[in-house]
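Given below, in the form of structure tokens, are the structures.
Below, chain A partners chain B and then partners chain C, in two separate complexes.
Up next, the complex of A and B:
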């Protein structure tokens, strides 16, 4: 985006374009660097320069500023070029949804905004294009906390389209906040996958030198091109350092740290694969590429809630929510417990036709309602324990199951069947 | 408890008492072992015997059964003895609240019930009495999922009483499900501690040979007698094997596995101490014993809720809950985010005088509402980020803070001040 207002005029009169190396002089201050694009959120009187050390800085500019072009942008500048395509290379689709991986830092405030295009994202990691032909598109440009059920559906359709039209894999750049929910939704909606669907995020935006975006994108591309995998995975750093990446099964992964680059962990499962440099090592049983075509089961009934039990949790609270939805996933304590008052609420809800499925807020381990009297009372009340499924995955799966059938017995059967690696059968008690 | 009905009569006519070694013969089946007490939940036609291998079994008995006494219970049988007291030893109080650590297995169903007395608990680990004089009492006998705010208050009072009347430490046997909530509540309610308050649980009931109860109780006793510690801690196995125990700070601990013996983990902190055999090693900065007296701040206002945000979380759901309470702790995604709809709900709630504090459902890491536009919108709406505090600890602390003062600014100040190690100051942004 070009600069607006007076700053735009100054740059224009100097003949400076985004991508040129420029010198900005105001009084005694002199800065030189690559002129970076202006973004909506930036202060209009600030010019953003990428310094030789890789850092971006914001430089205030006004009528007293002198702009000098040091060198015009090189011919390899790519802002408006289309992505190259070589017949000898395989196609990988990049369907961007937004988030830190596809964002930039506003150097006025230090804040991060979703902005850049899928093409920009790809061009920021030109090595991608050595590995494959990239088909890039921006499907959404949102922070992942604003993802909704309908976004999952649109994304599943776009992924199926790409795979069924010849892409060997699909990379989904996505905000990390709700990445685990989206990966679970894609895991249930997409069956018979002809290649990997790699949801990939970053904890540092891709215009920062310390970004994990580049390594994650490269590893995702390698997995798409070379990995014999027909599953949805989340791919992120395996350690805080840039040593290797891990691909986690889409239904068994959770963001377990607010800021670390290795925030994502496989829960109750080993990761699917480790990607270290050019090496892909599979770490657990996995589904291989299917001959296709990819099946899309994108119906979903969003009329469900997830509730975490805690001491002081009011039965009235449960009743209010359960009265408004068709299904509830409870993250109980320990083996899946709730207080005796909530057992009463479960009984009433089940009588009214509401599905009640039980998971554990411990996250690790399985639920078991046969050990303590509370658990047995919950079973009698009609609650259904669902093994070692993550609460978040169970919530997504419940909405998906309710979208697949209106028959309550069938919903229950789907919930208790392993569809996409979400349930270790031996843990279902 | 003695056996009721026909089985009671058979035992009575054989002269068999609980604690005797008996032989039960019915047709060709012969079992012998120590006659165990009957429990309310047990089938009245089943006799429970402890076999020589340590396992309990249930044996069906009727008029065809023959009972023979192999040997009368030994003189050292202790069911009705009071606990010994030696002037040379220090006093440690055991205030039992229930849970697996103070429970027994119903061998008819395999289910676990809360039942045994504090004395029974202590006598099941006679080594405790080598280390100290034990003052045992049963305050509650409940499964921890039924713990309420009022239970925390009663427990805090009982603990303060014991410490202020000379106990060098207090052991609180407690169900593991909500142990982290109780330990947080005690941490805030009890200040100026003259000795350790050790909340201790077990994942296998104490009448099982594989129980972790014995080692946990012994380590807790050692910490009470020998540890220079004036804090509330949760003490459990450090590994699945019986190698060592860890004492976790009461405000920084969470049950992270539904069944493993090392289920409890310190989050965003190192454990306070490692107890391996007779060795206590402190692992992080800690508060030493105070000269006393212990201060009790047991006022609490239970009118709060904890809400976990997720995609599809309805603003209406938030509004319903926020309309009924004085304070809400949100476990947001990533750095503490919620969707833009919920930002609107937060704004309305704060306007209505509801406290809204932000934590992260990642559990690990701190919240930071300055990085993304969503976070800044949340700040503008009046949400208050509270660093690296666990959601569960923040929920307990909010109720406690609202009990300490009616002044909203003061509540906010308390929440943002480190009271009992719940907040790493450098993480408060």
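Up next, the complex of A and C:
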């Protein structure tokens, strides 16, 4: 964001800061405007100015350029606004973690910032306050690809606290890239939920008039206030239109498109609920609100890895990773297969006490290692197939299971037991 | 009208679609008659940099509209706002730089795309992407220099197909087509000058050969003010020939509103308070269809008194619309169909007695006016807040606003002028460095400018300077050049574009729909003597009207040329039939008789040939007659 190299020096020596009105003069050419932040892809010799007509332009600057400050930027006052609370309304907690949904544009500079306060987030959708009393909190302000195990744990604790102190539901605004991982992690860590835990994302940022954030947040709020649901779900658009939202079970959901609003799909399961306008329709069996209190099982052993098998996968690579972790989830081909070489690697790993669980990279459908000889060899080598569990869910569950017990047999048992709707016995036609 | 003494100031903004393919995706910049799937969205204004909502954006969103988008066979996720934009189309960027150079403008060193908030649904994202490419150029018109201040490259909006209740229907084919937008300073001082500037910029744009052609591919926004008036933007005029009319009519309108201001001030009119009264009871037995319908639909008839507004609501004696029609168009923003004001009542089925009832119910004094709105109550109340706001603005004079052009040269209020704070950076599109190397290659490949072209046409094709200029102005200069080079006979080709095309347009056709291939077949057949050049308008008319091929049109119309023998036979027959008349008039009979022959043979024989054959026949007849009478 700050200007690199010589241009940065020129600006510095002129005492110019982003937001100041400056005049850039080179030869006969003179431009004045608000100094904008450096764009990552802008040429290093360019200064970006916002002209009086509102347009930004790039102006080349070199050692002959003269920069004069016309006026310093005005200190922007952040009016502190507090959230209203009405006794007649129920409390819904909003625990923000960052991502597109919680970002906003500084219109003066054009930079996209994460929302600094939960209030900022909530005030961008004032309708939320018509439905409930919002207890807002910014827990993290990170892009979801930077989430780590410790973040999941901190989040689970915050959610449990909110529910155990009277919130009827918790909304978790979250970046969409790893939303499915977080929802799976929360699903395993939180038991006995007294209300819905709704992970919400947006595929279009809230600074755009076309953002999907508003509708998703409103639907999430409605589900928290009115839905008899005691589960962790991911709630996003159901289709490209702004028509309805779907709540997907936290362990059965996956981002299936890089950019569409309806990127999230339930895999090997029906969505939990459809929220259209003011109406909530449950679409599959679900757990109702428990009387509480919410139990927290937040121990996780992060020493695991997830490997995607592909033709030409070198046994050496597998061995290298298997040598460093306590457990591996493999996304195999088709019914769950890997090559002969990797079967050898699995055998060695299992012998060394490494858990090896098998899922399918087809995502849809279950693994079955009884059908082909490769599969049977994998079973013999000690690999454990885990039905129709999504690879990502299996990876999260493995770390959670290893956090719950040190006993390998117990870990295997947990992995093969349906804890939070992650495993289904039947897949309907 | 003396526009200079009125202090008329006009600036124009030209938007020209490019044929380079769309600006931020790989789709073609073409329209489609078919559509596939549909999807529905809502838009919501976001806070501007000052933490305030933009006035124009707010007014649009107050309507709580839903937008339905039709996708066409080539629509992609970028257009549906379901995928980030791709990098800006380099051909479009180059074309904009070419145009900048033709106008002597200074390009920026790096182009940065911005998002301009537009929540009327015409952009799926709720904003239009636009970038400032160059600044400070000029064009000469009639010896006067007009400054072209900015040249921007932006994306066109989706095509509005219909609007019903609270839903607007758009088609995605137009969305994302690159537009070059050029804005002049308000240097223009007469309506005629506005037209000339637009024509000249249009001709320069076409010179790049990378522009789309046909109705709607070039649109103008005209900013107009007179001294004491206000800047009013007439947005999206498509017919260049009406440009000066829009300027004239707007000047008249502002003049009339300034007059209203004076009248109201003289009367000591004060800001109106919106005291809304429910007068439904007075109209229980009304014969006014509009009012009755509203009551039947469980609506109400609400009224407001406008103190001291009598006589300024209706049009002037010269028919210039005033406050009444302005209030009506402001009211329509809220969804009501319209209003009645006291200057037009009694009328529309509202009786004198009913007017008197309203007058006493509202406490209307002489010199006061009132407004009635018949609709659902909440809608009417919202409409009245707009009506009163507009009435109060009349005391101040001419309000700044955006207006929609109407086909008759008038305009109608559409929304407040957009504020300046509606732009923020489009961070998904990388900036584009405009370096010396790129500019050099652009400069080396600049197209021929219109002045040079007309000179060359005169020399190369032997047409007159006027013809050459008209061709360039018409926009068909490239077609002319291609066809005249290929088929010779430049005069015939020129006349098709300069005479036949306008003729076809008068008949309600759109000659821009005639493809170059059609023209080639036409000229080829003409050259081969299949029909006479007189048949050209008929054939083209038939091609446009019935979607026929040239061949098909020739057959249906029966314009195939007749051979010389048949021409002679027809002439012989006509001369025999009109013998008495010819003998009476002598050689002067040729004109009238020619008319009769033409009627029979139009388009099937060259007029010159026909005239020769006919006069020969007439001479023969006269000669025979002379010898018979023995003179």
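Here is the rule we go by: the second predicted complex is superposed on the first by the 335 of 429 C-alpha atoms of A that agree within 3 Å, B and C clash if a C-alpha of one lies under 4 Å from a C-alpha of the other, contacts with A are read in each partner's own complex, and residues count from 1 in each chain.
Assume a contact is a pair of C-beta atoms (placed from the backbone, for glycine too) under 8 Å apart; a residue touches a chain by one contact, two chains touch by 3 or more.
Everything numeric here is computed off the predicted structure, so don't read it as measured data.
Q: Decide which partner touches more residues of chain A, taking chain B and chain C as the two options.
A: B
Q: Using the superposition on chain A described above, determine whether A:242 touches chain B (first), chain C (second), both, or neither.
A: second
Q: Considering only touches as defined above, state whether A:337 meets chain B (first), chain C (second), both or neither.
A: first
Q: On the A-aligned overlay, A:36 touches which partner chain: chain B = first, chain C = second, or both, or neither?
A: After superposing on A, A:36 lies in contact with chain C but is clear of chain B.
Q: Quick one: classify A:181 as touching chain B (first), chain C (second), both or neither.
A: In the superposition, A:181 contacts chain B only.
Q: For A:48, using the defined touch cut-off, is the partner it touches chain B, chain C, both, or neither? Pick first, second, both or neither.
A: second
Q: Does chain B (first) or chain C (second) touch A:259, or do both, or does neither?
A: In the superposed model, A:259 contacts both chain B and chain C.
Q: Between chain B (first) and chain C (second), which, if any, makes contact with A:365: first, second, both or neither?
A: After superposing on A, A:365 lies in contact with chain B but is clear of chain C.
Q: Which parts of chain A are in contact with chain B and also with chain C?
A: 41, 110, 112, 258-260
Q: So in the complex, the part of chain A that touches chain C is made up of which residues?
A: 29, 36, 39, 41-43, 46, 48, 51, 53-60, 105-108, 110, 112, 124, 203-204, 206-211, 214-215, 239-243, 258-261
Q: Show which residues of chain B lie in contact with chain A when the two form their complex.
A: 41, 110-113, 143-149, 175-178, 181-182, 255-260, 263, 302, 304-306, 308-314, 316-317, 320-321, 324, 331-340, 360, 362-368, 370-374, 376, 392, 395, 399
Q: Considering the complex alone, what residue numbers of chain C touch chain A?
A: 39-49, 57, 77, 80-84, 106, 108-112, 114-117, 119, 124-127, 130-132, 150, 152, 420-425, 427, 430-431, 433
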